[in-house]
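The first chain written gets the first letter, and so on, giving A, B, C and D; residue counts start at 1 in each chain.
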Amino acid sequence: MEPHYSLIYVFHFYLFGVIALASALTFVTRKSPVTAALWLVNTMFSLAALYVMLDAQFVGVMQVLVYAGAIMVVFLFVVMLLNLGHPSELADARGTGWKLAAGLIGLGLLSEIMVIARTKLPQQLIVPRDFNEQQFQKLNAVGMIAEPLFKDYLLAFELTSVLLLVAITGAVVLGRGRAAGAR
Amino acid sequence: MLLQTAVSAASQAHPLSGTIAEWVWLLPILPLAGFVINGLLSLAGAHFGPTDPTAAEHEHHSEGAADASAISHAGHGADGDDQHAVKRHRWAGVVSVVGPGVLILSFLLALGIWQAMASAQPAAPFIQRYFSWMPVGDLHIDAAFQLDQLSMLMILVITGVGALIHVFSVGYMRDDPGYPRYFSYLNLFVFFMLVLVLGANYPVLFVGWEGVGLCSYLLIGFWFNDKANADAGKKAFIVNRIGDFGLLVAMFMLFANIGVLDFIGVSAKALDLGAGSALVTTICLFMFLGCTGKSAQIPLYIWLPDAMAGPTPVSALIHAATMVTAGVYLIARSSFLFSLSPVASLTVAVVGAVTAIFAATIGLKQWDIKKVLAYSTISQLGYMFVGVGVGAYVSGMFHLVTHAFFKALLFLGSGSVIHAMHAAYHRTHSNEDAQDMRNMGGLRRYLPVTCVLMWIATLAISGIPPLSGFMSKDEILGSVFARAQGSTLASATWLGIPGSTLLYIIYAIGLAAAFLTAVYMTRMMLYTFHGPARTGTEEEEALHEAPWIMTGPLVVLGILTVFGGWLNLPEVITGIIPLGPRELLAHWLDPVVGDATTRIAAGAAQVPASTEQALIGAAVVIAVAGIVFAMTRLKPDRLPRKRDAVPEHGFEGVVAHKYYVDEGIERTIVEPTYAVSRSFLWRVIDNGLIDGFFVNGSAALARGLGWVGSRLQTGNVGIYAWVLVVGVLVMLGAFTLR
Amino acid sequence: MLAESLALTAALFVIGVIGVLIHRNAIIIFMCVELMLTAVNLTFVAFSRFYGTAGQVFVVFVMTVSAAEAAVGLAIIIAIFRHRQTIDLKDINLLKG
Amino acid sequence: MASFLDSIGYNLWVLPALLAIPLVGAVIVLMLPVREPAATAAGVETPAARQVALWLFVLEFVVSIGLWWSFNPADTGWQAPIDIGWIPTWGVRFTLGVDGIALMMVLLTTFIMPLSVLGSWTTIRTKVRSYYALLLILTTGMLGVFLARDLFLFYVMWEVMLVPMYFIIGVWGGERRIYASLKFFIYTMLPSLLMLVAIIYLGLHMKGADGTPDFSYDRLLTGAVGMPERTALWLFAAFFLAFAVKVPIFPFHTWLPDAHVEAPTAGSVILAGIMLKMGTFGFLRFALPLFPGAAMNPTIRMIILILALIGIIYGALVAMVQPDFKKLVAYSSVSHLGFVMLGIFALTLQSVQGALMVMINHGISTGALFLLVGIMYERRHSRLIDSYGGIARVAPMFAAILTFVSLSSIGLPGTNGFVGEFLVLIGSFRTYPVLTIIATTGVIFAAVYLLWAIQRILFNPLDKAENEHLTDLNKRELAMLVPLVAAIIWLGVYPAPVLRRMEGSAQLLVNRVERAGSLPRVSEAGR
């Protein structure tokens, strides 16, 4: 089913995978938001690499641009804006008992997901093996995404844009605070 | 118009059709009209009467100078239902005409019908169907009247004695503020009583049966502002209802088994039930339960003594002459059923006999003149049941008729006494009891007419020949003896006792009760009319004979008491002294009860005339012995007045307290029922278990769950996240483990 | 490489969940949510090799939503902080019933 | 009379008119201009509302009374039928019709309603327009329940009936009105929802070839019989609960005393007089004919009969010890409705007809009792029996009528109460003799509790100063009581016309249930 992968491909795949995992673990154990954010950026970058390796070049680029470039920057802006970067204020993690319980829940969840992931894939949905290859040849990396996006999922796309508009408006209204509205 | 068409269609070939008997519907309608008129006058007088509150207040305190309504419970300050108690009711004049008038008209009509009947000599009952009352599928209950010799006899008694008592009431109730109300009730009673005896089927009979109970209830509680009276009325109704339950069940069983309820149909199909079968016995016993209620037999006799709370003419009419004899009538009417069941018939006789002696013993120790008469009535009703129980339906009915005469006379006589006593005590504003014999004595000087007439009645009830009571009572005892010699009853067994033995015992009890009757009646007369006056010197001046409107009916009843026996002179007597035609009543009733009597008496040996004469002689001796015993042993001149009396002790005390039956029932049935209903059924089951636990409990559970849920809402988003994740974990787990 | 991708996705997702559970700092919790979303993206991409490019289109949608979410969420955090001078979840219990 | 009715096409429009008049009337009443209580003579807000409502109800009664003559007793089918499409996609039709069972209930309703308006004439002083509008809407609901031939329509009307009563109790009731109205609403609503589920199931069960459900009663009558026994049992249980609460059968009765005590006079009258009949009517119309196998299952039948029996005795015993006269009457309803249930489930022609008679009689007698309680309450502001005593002396007309109505409730022969109870008992005795004998003792207890109560109210010494100047009935009160008294006498003396009109439908019901109910047993025996 799966194509044969070269050793170097597998090596790189595992490398980025391990980096992503390790960064994520580090991220989640940090108490300072800034540090945490930087480790998260690292995870994002590794994932972008994996996307590229999985023949999703456009998504990989978007990952870097949107997540690492935009969202995480907004996070850092907020941290700075609120001046929350000092570790002294961030003694926020819960106690050991909570952490232990969270770990246990995480393990349970993980095992459950792994079990579910073993489900047989529905065969009838599977596309021919070289389908993506042909799409890529025919439409190039961007067109491969753009065609379904603007044809099959046009309505969803438009709705997403409305969602973004609403989000922007909401963010602006919330961010302005009561200052203009109430007084 | 509806009536007329129905009448003409229903009666074709009957000898009575086309005669005055077609007007039989008018018999009850006349008193009903009287009820409506008097009732409306009563309400009208009440509504448009003076409503000035100060006047009412004043009258209330003055207690009404001539308030005759307090007669039966002197000194309690009882008063009627109206505010203007001093004057007679504004419509009293109209009522005095309408009330007794409708009864007299009814009686005249009844005489006419009787005349027609006597000449036609119909063998079959004359049935008038007016309209269909409850037609449902195979159940056909018509509003129909049945005129036959039995109902004719009852009609004559009811309207005749009823008319006399109505006339008496005009004088007795003269000044009562509830005068129109009284007559409307009394008329209504006669209406229902006529419906009872005229009904052509059990349900119509039941209408009258319960209707007379209702009127009894209303009239016992006539002076309802006294709690004791209201209690007595209620007690009468409820005890009667227990009996009615039996009658209802008997009707259900009849319908379920033979599908008809009219007398003709049931008598035709009665044999289908099986002679002597358990079914017919059960039906008869349930029916007899009804009779014990209405006719105050053991175990349901307890209401009758209390019923004396009503005005005395009411006691005479309802609680002596007519209503209480309805049970006897019902058994005679249902003779086609009872004659099929020796066991049920013997039960009737046994209960009658036991009641007769039981009530007679209580009568020995009563001081209230009306209570003596009440227990005497119960006792005499026992005799009647002995008569109909042994299948001597004619004798039972005969005693019913003569009893109606002499007991009505006794009650009205006592009414006359009480009237005089009350007037006397009222004049002196005394609080003494006007009905207690210990306060009387020597009244013969003031009430000579009453005294003589009451003595006649006393001798009659005691069984002194040739008065009516002697004839009828002796005939019952003779029948018992004859049945014991040989009949279906004698050959049956009752609770393991051979029927003939039982009948001899009943005969003995009957004789003993006759002795006691003579004793307590003589005692009553001695204490009331003889010896020194205990009334008090001031009061004696006020004692006087009742006006003619009251003594007139007494005299008529006295004549009837003397000559009532001629209705059914037994052969034994006519054989010795040719007094007149023999066994008139037996011939008259033969078409109705003849077959049943023959069926019960089957296999009877002819009692030799000499034996019969000996029995009669024994009965007379016993009666005389009773009178003599009472005369010699009782000392009216040594009797203390009521207020000086000491309570009796020992067995005498028990008897004086009526064997504590009322108290026993109160303790064992009434109070526990109330207590269980209130503390257990209502408080525990209804409020506690069902409403508290289940209904409001489920509401509380919902509220509790809601409260627990609201406690989870700490508002802390972190906790929410935990809850969410745990939820996801659980749901994924469910998927995984599927 | 599907199995590996899925395992990685699961691990990252669970790490995100654990992060949400153990942190009280609202901003870090938000980051954890972002991590979870990204992890899901990896699944889409991995499956898109077998099921066609639609999966990658969904990744675009998810990114949009997460961007919108971050914008609004952070705006809310700012508003709360202005109001109460804290972003500690312990002190934010306005949802209390 | 019948030809006159034909000439105006009476049967074509009477049933929709009966439903429409109160609805239109409600709108009219609500549109009346408000007048403040202070500005009116009687201190009643907008007195015009009550007059308009009274005349509307009189009109309704006049319109409905034609049914008495137009009804053909020989015809056991639907009369004056109406069948209009309503919600086609759900297969719901607006079908109305009247048979012998519904006829008397409709007439009872239209007879009671004007009297209940008179009963609330002076007691309802606030929000008068809304009150009478609710009464009118309630009438539509009640008549709709009796007339509906479509299960969906029936359910809609069933709930339409519930809401106005909730407000009538909750707004114009006594001190604990909120508790009582909520209890009433939830108590009756909950099993009604179960019934809705059953109705939807039935509708889907009967769906046609195109998949549209069918709620038609007539079609269900034949279609529901072939249902598997277990299914029928569950559906019967759902219907049973809904109706049992409404009846109410012991132990589902505890909403009744609270609702009655707190409701205003007219509310109690309608509740007792008409709405309690909904439950027993439901058994006769739906639960029995639709699921004869389940209803006639010996075990289930015995359980219901025993519950009915408990209701008769228990209701009477608990009524006996009530200090509150209104509550006493409420518990007496439990007892009376026990007779109805006994009659229905004993299932002989006599007992079913008797049950119908008891339903009518109970409506009249208990309605009258509640009106009388209302009259007492208006004068003394107390329902406690102990607050009275000896008032027959000052209010003889009141006393006469209260005594008479009580006697009819006791079942004195010659009054309506006797006819019903007698028929129920004599009919039931054929199938269940022992149970019937036990039930017959109920007539004793009825005498005990009512006579004891009226003794303590009317008789005994007049020992309370407040009672000495009680006024007797006025003209309005007489006007509302005299028709009831007349009905009591009429139904007691000459019930044959009523019985004749009900006989065909009752016979049809008994035959249908007996035939269908005996089928499974026969087949079991065959196996």
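As a convention for this text, contacts are C-beta pairs under 8 Å (C-beta built on N, C-alpha and C of every residue); 3 or more make two chains touch, one makes a residue touch a chain.
The structure displayed is predicted, hence computed values, not measured ones.
Enquirer: For subunit A and subunit D, what is the smallest step count along a path of chains that touch one another?
Expert: Steps on the shortest route: 2.
Enquirer: Of the chains shown, whose Cα mean is nearest the mean of all protein Cα atoms?
Expert: Chain closest to the assembly's C-alpha mean: D.
Enquirer: Using Cα averages as centroids, what's the distance between subunit A and subunit B in whole Å?
Expert: Chain centroid spacing, subunit A to subunit B, equals 101 Å.
Enquirer: Centre to centre, by mean C-alpha position, how many angstrom separate subunit C and subunit D?
Expert: 62
Enquirer: How many angstrom lie between the centres of subunit A and subunit C, each centre taken as the mean Cα position?
Expert: Averaging C-alpha atoms per chain gives centres 8 Å apart.
Enquirer: Taking each chain's centre as its mean C-alpha position, how far apart are subunit B and subunit C in Å?
Expert: About 95 Å, centre to centre.
Enquirer: I need the residues of subunit B touching at least two other chains; which ones are they?
Expert: 718, 725 - these are the residues of subunit B that touch more than one other chain.
Enquirer: Could you say which residues in subunit C touch two or more other chains, in rising order?
Expert: As it turns out, subunit C has residues touching two or more other chains at 17, 21, 24.
Enquirer: Send over the residues of subunit A in touch with two or more other chains.
Expert: 94, 105, 109, 113
Enquirer: Let me know each pair of chains that touch one another.
Expert: According to the stated criterion, the contacting chain pairs are A-B, A-C, B-C, B-D.
Enquirer: Going by the contact rule at the top, pick out the subunit A residues touching subunit B in the complex.
Expert: Against subunit B, subunit A makes touches at 94, 105, 108-109, 112-113, 115-116.
Enquirer: In their complex, what parts of subunit B are in touch with subunit C?
Expert: Touching subunit C from subunit B are residues 710, 713-718, 720-722, 725.
Enquirer: With touch defined as at the start, can you tell me which subunit D residues reach subunit B in the complex?
Expert: These residues of subunit D touch subunit B: 183, 186-187, 251, 253-255, 314, 317-318, 320-322, 348-350, 353-354, 390, 392-394, 396-397, 400, 407, 412-414, 418-419, 422-423, 425-427, 429-430, 433, 436-437, 440-441, 443-444, 447-448, 451-452, 455, 458-462, 468-469, 472, 493-496, 499-500, 503, 507.
Enquirer: If we count contacts the way the header does, which residues on subunit C are in touch with subunit B in the complex?
Expert: 17, 20-21, 24, 29, 89-90, 92-97
Enquirer: Over in the complex, which subunit B residues touch subunit D? Could you list them?
Expert: 39, 42-43, 46-47, 53, 56, 80-83, 131-139, 143, 203, 206-207, 209-211, 214, 217, 221, 224-227, 229-231, 233-234, 237-238, 241-242, 244-245, 248-249, 251-253, 255-256, 673-674, 676-678, 681-682, 685-686, 690-691, 694-695, 699
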